[in-house]
Every structure is written in structure tokens, then in C-alpha cells.
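The structures come next, written out as C-alpha cells.
Next, two complexes with subunit A in common: one pairs it with subunit B, the other with subunit C.
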Partner chain A sequence: MISVATGHRLLVAFPFVLGVLIWGWLAFERRVAKLPPRPGFFRRNGWPVGIYLMLAVALWLLGMVVLPQLFMVELSFRPKLPFNQIGGPRDVYTLENYRYFLFGSTTSTESWNAVHLRSFATTIMSALFISGFNLLLCYPIAFYMAQAATGAQLRLLMLMLIAPYWVNEILRAFAFRVIFASSGLLNTMLLGAGFIVEPIDFIGRNIALFSGLIYAYTLLMVFPLYNALDSVEAAQIEAARDLGAPWWHIHLFVIVPAAKSGIASGCTLVFMLATGALAAPLVLGGPSAMWFTPIVYDRFYQVFNWPQGAAYAFVLLVACLIVVVAGLRLLRLNLTDAAR
Partner chain B sequence: MTAEVALEGVTVRFGPFKAVDDVSLRIAPGEFFSFLGPSGCGKTTLLRTISGFVEPTGGTLRIGGRDMRGIGPNKRPTALIFQSLALFPLMTVMENVAYGLRVRGHSRAAQRARAEELLHVVALGDQGSKRVDQLSGGQKQRVAIARALAVEPEVLLLDEPLSALDLKLRQHMRNELRAIQRRVGITFIYITHDQGEALTMSDRIGVMRAGRLEQVGTGRALYDQPETAFVASFVGEANAMPGLVRDASDGYAVIETAFGPLQGRNPSGMKVGAQAVLFVRPERLLPYSTAVFCPQNRLQARVADLAYEGQVTHVMFSAEGGRLLAVLGPRDGEPPAPGSDVSLAFAARDAVILPPASQA
Partner chain C sequence: MMARITRGMVSAYIMMFFAYLFLPLAIMAIPAFNTSSYPRVWPFDGATLDWFVRLAADEAMIYGLRNSLWIGALVVLVSVPVGLAGAVVLQQIDSRVRSLFHLATIAPVLVPGVIIGISTVIFWRELTLSAGTRALYNGVFLTVMGQSSFISAYCMLLFTARLQRFDRAQEEAAFDLGASNTQVFLSILLPFMRPAILSAAVLAFLSSFENYNTTTFAILADRTLTTVLAGQVRQGTTPTVSALAVIIIAATVLCSAVLEWINRRRTRGIKAHT
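Right after this comes the complex of A and B.
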């Protein structure tokens, strides 16, 4: 077992190793994809600008993204100790936080931690569902914006899509609560119109939660899709139609393949953010809703067990990455496509 | 299978703008017909009307005797070759060609067999597995033709498909297109602003201007017997000499121009005193000394410039009435020296007098 001190040294060395690995991977991808070599980075930007860009990006990435994350990862492998014992003889690397996530106990492996595991699985599945639903919802909107709308219609639609996001996320979640509550707007209207005799429990059935989450990420789906669909040449759509294709065939076999990278990046964004959503599940979640993020939150601020919280967050992150990479594999895309 | 295309008073309005204005025409089955006109004359709109992407606001369009009203582009017996070609970049050459068959639910084997056959027709037999972006411009062109032919259209519509190619390839593809049309025997309707393309390939040409069909005829008829000033100046080079009609009789007229009184044919029966323009082709304008006939028209001019083009020499003259162009062939003797004064001549039957072009 390595000591915490060695761990800290590894922690600092890791970003540099990672940097080299990523650089190598990108170079490999360029070679596999047979892209022509480009002029060097410093050639294109000049030395002063080149050095500034390198330093700025490196500091940003290391200081704001990589090191804090690595700190959390390292923390997740350490036990929760009273302050005066940190760095003491009991502060050694351990898997007990992960053991707790799986088995509900730091020592025993007899029974599964059903509550947390179920919530974890539900969150991943729900986020997948939300991504898929959002895709179906946003594809027609994005297609209309990219291929059918005139300039004025496009500007109006953009404004209508963006304007709701001027409102704070938590306020938006509460607005959904107002709409979906048992004595809320929707139930009152349905009751008044005589469609139902007693109010529907939208919140208890998680309809409110799903609606809120789907709504929260429409923009993140629409824009990558719009970008990709906009680059599909209109003449290709006409050519397919001229060759006798019905509309669904054109979408399925001509447009969607061309917009694949946009679909992948939209779905990735929505999936990642949906799994990590905190406000909407807290505000809109019914009693049966067990989103994973509030559990992680509780590790930190209710149980005050930061190492355990870090382990939970890390598990969620890894799971998300696995799902995303698997999804991209399925679409035969690589990570750089999704970042387009 | 090939079909006749009949237009009766076809009009397309975009708001107050008439893109196509009352066009009536019958294109025979198996004919190679070109619409020729400057950009913005409505020829592309007309082609899109025939293919079904634009509904005419007036008139009727029949293909093979069937009224096409309300029939979408995917249901018409036409195939369109786009100016940009619009090949599917993510599909192979083979998949591109087979797309129309795939839509129609043909079996994979049938798709493949037919696509291969067509790739042979366009001399791309061994390129089927390539991606579209690995092909040259001329090859892409032929893929687009094969893809359109795969659905066995009765009418093939071509929207300036050669405009993106370089000169040599363009000339080669003209012959190729003509040969393909003879082989498959279906009606070709070709859109171009390049009169050379229209003249070399077409059975008949329709010259369009500002949405209207100015004249329909064979290339030779358009060149030798233009019916309007626009056709005379748009199809081929022509020296235009405006003036007033002084005398008109027996199908001929004399107009008073800045070059002096000149005589020419008067096919539209212009009356004395009318504003008119006399057109004479550069190859009909010769130095008097080399003229082997007794020309009715003579005028004095000074050689301004010479351009040697191999088979012919272009000679620019400046005369009192303006600049003139003559094209001298090898049988027309030595071209005159620059700066020399020359007496030019042309026969009355080689000149045509027409009303001036109305403002479009």
C-alpha cells in the first residue's frame, strides 16, 4: 500500500502524464484519420502569443479543472478522520468509501446498499431517457431552424428559446412546481375543463421532475443539432426527394448520418448535465424520486463525510464517462466528434 | 421509356415578381432540349417547376400527357441533376447510385447489379467502392448522372451541371452527355447560360429572357435567323448597328445608321421610320478586297486591334459609327495591319434588321 505522501507526489505528477497521453492520443487519431500535418502551433501563432496561450490554458486546466478533481479523487480513497488525526498513522489509502457505496457498510460486504445503488441506476437510466426524449423533441425544432426558417423567423425562434434562460434555474424549477402541484395551474385547468375528477399527482409520479429536466436542457440539445443540420446542404435533401425518397427516409438515411456529430454532442451534454442536476431534483422530485446527486450532496453537507462524498461523485463521473464513450462507440464516433 | 414535356402558359410568381412568364412549349420525347439565358432569366425556376420543387402559379405542365399539378418531386418521372451535384458525402459511389433503388425497396443484389451497370455506362465501373470526395470533378459529375439514371426517369433535368468544371473537362463532358443521351434515349432538358454548351449539345434551344421564352429553334436557326434583338446579341457574337428604317420592300430594309445606310433582311416586317438595329455576324464582315460576291453594304473602318486565335483572327475596327468586330478565317487572306484603313463589306442577306430589345 502506498503512503499518503507518495500519493500526493503522484497527484501532482498525474496532470503532466495525462497531458502527454492526451497529446499522444490526438496525434495518433490524426494519423489514423490520415489528416494532413498542420504547421506547428508556435509557427501559426508566433512565440509571444503561443507562450501566452499555452500558459493560460495550462493554468486554467490545471488549477481550475484537473487539480481540484484529482484532489477529490485522492480524498475518496482516504478514511474519514477527526481533524487532528489527518496525516497521522490511521490516514492510509483505503477502499472503504467505495465499499460503503456498494454494500452500505465500510467493513462488511454481506448485503448490497440497495437504496444508493437503485438511485444510482435510476439516475443513469433517467438521464438516458431524458437525452433521448430531448433529441426527439429538439430535432424538429433544430431542423426547422436550420433548413426551413427565414432569417426573421430564425431570430424570433432563437430569442424564444433563449429568453427563458434569463430566469434563474431554481426559479424555473419552482415555476414548474407551481404548474404541476396538485392544486397547481395544470390540475386546476384540467379539473375546470372537466377532463379529470380529481387532481393528478404530477410530482409524485415524477412527471414534474422529468418535464423540468427535459425543459432545462432543450437549449443544449437544440444548438449542437442546429449547428450540424445547418451544415447539411439543402440540395442534398432535394436530391433525395427527387430520387423518390419519402420524408422519413431522407431524415433517417441522409440527414441524420450527416448530423451525427451534432446529435452526439447534444446527447452528451444533456446526459452529463442531467445526471449532475441538483436543483430540479430537489425542488421537483416527489417522495419516490431518488436522484443520485442529492445523495452525493448529503454525503458532504449532512453526513459531513467528504471522502465518502468524493467517492460517490467519482463513481458518478466514471459511470457517465463509460456511458458516453459506449454511446459514441455505438454511433461510430470518437470523442473529438462529440466536442464539435 | 421517354416522355413528352408540354408546358402551356406556365407562370411562376414570387410575390409581385414573375420568375417565369407565360411559357408554352412542347419538348418531344427523346429530345435534347436546352434552355439558354443569362442568370436571373428564370430558367432554373422553370427547371424546378418541371421537377416539382416549385408549383406553377398559372398554366399547366404535362409530362407524358399527365397533368403534374399536385404531384411532388418524389412522384414525378423526372430526375434532376443539381448544379452543385448534391452527392451524398457519407455514402460510397455505389451507395449514391443505388439510393433511388434503395428508396424503392429493391433487393440489395438488384441495387448492386443496377448500380454497377450504370457505373459502366458512365465509365466508372471500378470506382464503386470509393468515397465521393476521392473523385475528381468530372467523375463526380458522372456519378450524379448515374444516380439520376438509376431511377429510370422518363425525363432527365440538368441544372448547369458543367459550370464547376474546367474548360477542357467541360468540352469533354459535352460530348459525353450527348453520347449518354443517345444511348439511354430519354428526354434531356438542360439549363445553361453558356451558348457554346447549348449549341453543341442540343436538338433545340429555347432562349429565355426575364421569364419569357424569346425564341425556340435549332442552334442553327437561332444563330442564322434570330427573331429578336436579344437572341441576335445573346447567341453568338454580333455587330449591332442601330438606326432608323428608311426603306422597306420584298423582305429587305435599309436603315440609316451612324455607319451610313445599310441593307439587311427584314423578317419582322419593320415599317419605314421605325427604330431598328441591324445585326451582322463578325464572320460575315469582310475586307472588301477579299469579298468574292457583290456586297450591298460597304463601310470605311480603321484596324484598331488584332487578336490571333489560331484558326481565326479577330480584328477590331474603329469606324465613325462605333467599334466593329470581324473574324477572318484562313481563306480570307492576310489580316490587315493595325492602323490601316480598310473598306469593309457584307451582303444584305447576311444582315438582319430587328426592333431594338425592349428594356427587361
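Right after this comes the complex of A and C.
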């Protein structure tokens, strides 16, 4: 069994080794293919600029992206220990945090951890639903912006779309609380109009949460969708129309296939961010623990079990990636298409 | 006739869509002017500006605001240069690994913010533990690191778009006249990128200021405006939250106007060029 200190050294070495391997492989391939050597990185940029580029990209990719993720995964395989025993003889790699996620206990595997597993599944399914709903909601707007709006109209629409996005997530969730609370606007109006005799519990039924989440990520769907629809040739649509295709035929069999990658990237973005949403579930979530992120949050700030929290975060990340990659596979796309 | 009906339906849909976007924000603003001590729109008990006064006296909020501004400024200082470097490297990197590099830099945009916050905290905790110093293990620094990982990617996207319009001939002309690499970078590339740098800075600051998911983990025991706000909204709200919303919406409108103005100037600049 390797110790935690060795594990850390391996983690830090890993990206460097990977980088050297990729670099070596590229140089090797270039030699085999007998291509002329490229001008070196520092030849091309000069030393001062070259060093700035290197350091900035290294700080970013290693210090902010790759190493933090690797360390999070590593911590998820370690037990929770009191501070003075961290790194000590009891700090060995273990699967107990994952066991807890599945079975609700670090040792026994007798019964399932129903609360957490159910919330996990609900979160993934709901996030899928939210992306689909947002796609339908935004398609007409994006289509209008891409194919029908004039330059000035487009500018105005863009500005109006971006503006609400700058109001932060907490406040956007708060807005839905003002609307949906038991003495909120909607209940006051419905009671006043005599449609209902007692207030409806929108928050307890998760209606508020769903509305808030759909609202929060609408804009992230509009822009990729608009970019994709914008690249569809107007002549193609014209041709289909001239050949007598009904309008829904044109959308379903001409425009959507052509805009496939943009649709995929919009859905990916909304799905990933909706699964990871924290503000709306904290503010609008009812008493039943439905969303998974508040559970992860509690691992850290209620239970103070960081390794377990890391395991939960990693499970969430992997599940997201699996869903996204599977969805893209269905559309015959790969992850780089969706990241555009 | 048919076309007119379709057009009417499209306009109606667009109006409904924007009503859906803006109504919740408008509704949220109303309780700021209502005397009722619970944030509600109706019944409207009476007009007041008291909640703004309360807001100005709320020390936790003021403290959080100061931290948020400070973090926003640092994030701009980190992510604009980093994003620029990323865009330049993306352009130069061997075409066989370009998509891998692109994926690695865009990944933080796709990864849920909660996970970015968690991983940042864990990484720096482990690092400072093994280094034996706690100097860097503070909320402001961690938040800057966590937020910059994805805000740099936003900046990179803006820079990449601008770089695609860069005319290499300018660079070559400078080299022929004997300019060094550094001179070309400083006096040709940077001035060309200036409008993009300006909008990247605005974008970076606003993204940092409104961020919650990453911040709530990375800030540790410290506080920013959004985390103070989240606390207040969670444990029974007061209309001061609405008052803050009014201020933020006003600032947003102002910022959008500034961005629009920068964009206009940029497009005019391009027209003058061609």
C-alpha cells in the first residue's frame, strides 16, 4: 500500500510526466513523418514573452485546473481523521467514503443509502428535464435572432438577454421566493381572486425550485443555440421551402441536424450547471432533500467530513460526464464539439 | 395572410419570453419600497425608503461588499493576463494537441462551480499542510484562485475571437523593420487586443462579483457579499435584500450600457480600419 506522502508526490509528478510524454510523442511523429522542424516556442515569442506565456498557462492548467481536481480525487480515498493524525499511520487509502455513499455506512453493505441515492438520481433526471425544457423554450428566440432579426434588433435583443444574467443567482432565487412563498405574490393573487381557499405550498412541492432552476439557466441555452442557428445557411432553408416542405419538416430535418453541435453544447452547459446548482436548491428547496448539491455542501459544513464530501463531489462529476458523453454519442458528436 | 399570423405569433412569443425574463426581477424589487417587514409585493402597506437606510447600516453586508470588490479586482488582474496567454498559446500550439488543450482550458466552464470550489480548497489545504505554512490558506486568495480557473476561460474565449481577426502581415512588417519579439508583443499585439481586454476585464469583474457556488466553498470562514446575502435569504428574509436587488439591477443596467458603448466603439474602429 502506498503512503499518502508518496501519493501526493505521484499526483504532482503526473501532469509533468504526461506533458513530457505528449511533447516527446509529437517530436517523434514529426521526425518519422520527416516534417521540417517547427520554430521553437522561445524562438517564436522571445524569452520575456515566452516565459510569461509559459508561466501563465502553467499556473492556470496545473495550479487551478488539473492539480486541484487530482487532489480532490485523492482525498476522497482517504478516511476522516482528527487533525493531528492526518498523514499519520492511520491515513491510508480506503473506499469507505464511496461505501458510505452507496450503503449509508462506512463498514457494512447491508442496506442502501436510500436518501442520498434517490436525491442523486432525482438531480440527474431533473437536470436532463431542465435542459430539454430550456431547449424548447429558447429555440424560437434563438431562431428569430439568427434568421429573422435585423442588425439593430439583434443588438437590442442580445443586450436584453445578457442584462438579467448579471443579477446574481441568490437574488434570482430570492425573486422566486417572493413569488412562490406561502404569503407570496402568487398565493395572495390566487386567494384574492378566490381560486383557492388556502395557500398552495409551492416550495414544499418543489414547483418553486424547478421554476427557479429553469429560469437560472435559460440564458446559457440561448447563446450556443443562437450561434449554431446563425451558421445555418438561409439558402438551405429557402431550398427546403421551395421544394414544398412544411415548416415543422424544415425545422426537424433541415435546421436541427445542421445546428446539432450548438444544440449539444447548449444542453451540455445547462445540464452540467443545473446538476451543480447550489443557490436555488438552498434558497428554494423544500424540507425534503431533493437536490444533491446541498447534501455535498452539508458533508463539508454540517458533518465536517471533507474526504466524504470530496467523494460525493467526485461521484457527481463522473456522473455528469457519463451522461454528457453518452448524450453526445447518441448525437454522434464528441466532447470537443460540445465545448466550442 | 399566413405570414402575418406567423409574424404576430413570433412577436407575441418574444414579448412573453422577455416578460418571463424581467418580471421576476421587477417583482423582487417592489418589496424594497413596501413598509411591510416581510418582503412582499401585495398588500402594499405604504411607500418607504427605510430599507435602503437599513441596508447602508448593515455591517455584514458592507464587509462582504468590500471583500467582493477586492476579490473582483484581483480576479481581473489574474484572469485577463492568463486568458490572454491561453489564447496566444492556443493559436501557436501543435494542431495535433490543440483540441486537447482547448478542452483542458474550457473544462472549468463545464465543471460545476461547487466542484471547482471544493477542489481548490482541498488542493491548497494539502499544499499548505505539507509546506508547513498557512500563509496562502485564506479565503480571499482561495476564492481568487477558484474563480480565476473558469473566468480565465471566459476571457480566453473573448481573446480568441479577437485574435482570429489579427493580420499577421503587421507582425512581419515590424520584424522586417528590426523589432524584437517583445516589442512586437507590446506595441502591436496588445494595442490590437485592447478592446477585447477592456470587455474581458468588465466580464471578469462581474462574473466574480456575482459568483456564489465556487465562492461559498473557497471563501472558508470569511465572507463576500453573495455569501452574506445567501445567509440572509436562507434564514427568513427582510426587505433589505430587495433594496440590495434594486441597487444591483441599477448597477447592471449601467454596466450593460458601458459594455454596449465599448462594443459600439470597437465596431466603429473596425469599420474605420477597412
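In the analysis below, the second predicted complex is superposed on the first by the 291 of 340 C-alpha atoms of A that agree within 3 Å, B and C clash if a C-alpha of one lies under 4 Å from a C-alpha of the other, contacts with A are read in each partner's own complex, and residues count from 1 in each chain.
Definition applied: a contact is a pair of C-beta atoms (placed from the backbone, for glycine too) under 8 Å apart; a residue touches a chain by one contact, two chains touch by 3 or more.
As the structure is a computational prediction, the values presented were derived from the model and not from experiment.
In the model built by aligning both structures on subunit A, subunit B fits alongside subunit C without clashing. When the shared chain is aligned, no partner comes close enough to touch A:A13: not subunit B, not subunit C. By the touch criterion stated above, A:E233 is placed in contact with subunit B alone, subunit C being left untouched. If you count the residues of subunit A touched by subunit B and by subunit C, you find the higher number for C.
Once chain A of one complex is fitted onto chain A of the other, the partner contacts of A:A245 are limited to subunit B, with no touch recorded for subunit C. Using the contact criterion defined above for the overlaid structures, shared-chain residue A:P257 touches subunit B, although it does not reach subunit C.
No C-alpha atom of subunit B lies closer than 7 Å to one of subunit C in the superposed arrangement.
On the side of subunit A, the complex with subunit B involves touching residues 233, 235-236, 238-246, 249, 253-254, 257-258.
Those residues of subunit B that touch subunit A in the complex are listed here as 51-53, 72-75, 78-80, 82-84, 86-90, 99-100, 102-104, 147-148, 150-151. By the touch criterion given at the top, residues 5, 8, 22, 26, 29, 38, 41, 44-46, 48-50, 52-53, 56-57, 59-61, 63-69, 71-72, 75, 86-87, 137, 140-141, 144, 148, 155, 157, 159-164, 166-179, 181, 183-185, 188-189, 192, 215, 218, 268-269, 272-273, 275-279, 282-283, 293, 296-297, 300, 306, 309-310, 313, 316-317, 320, 324, 335-336, 339 of subunit A touch subunit C in their complex.
Subunit C contributes residues 10, 13-14, 17-18, 20-22, 24-25, 27-28, 31, 38-43, 81-82, 84-86, 88-89, 92, 94, 96-97, 99-100, 102-116, 118-120, 122-123, 126-127, 129-130, 145-146, 148-149, 152, 180-182, 185, 206, 209-213, 216-217, 226, 229-230, 233-234, 237, 241-242, 244-245, 248-249, 252-253, 255-256, 259-260 to its touches with subunit A in the complex.
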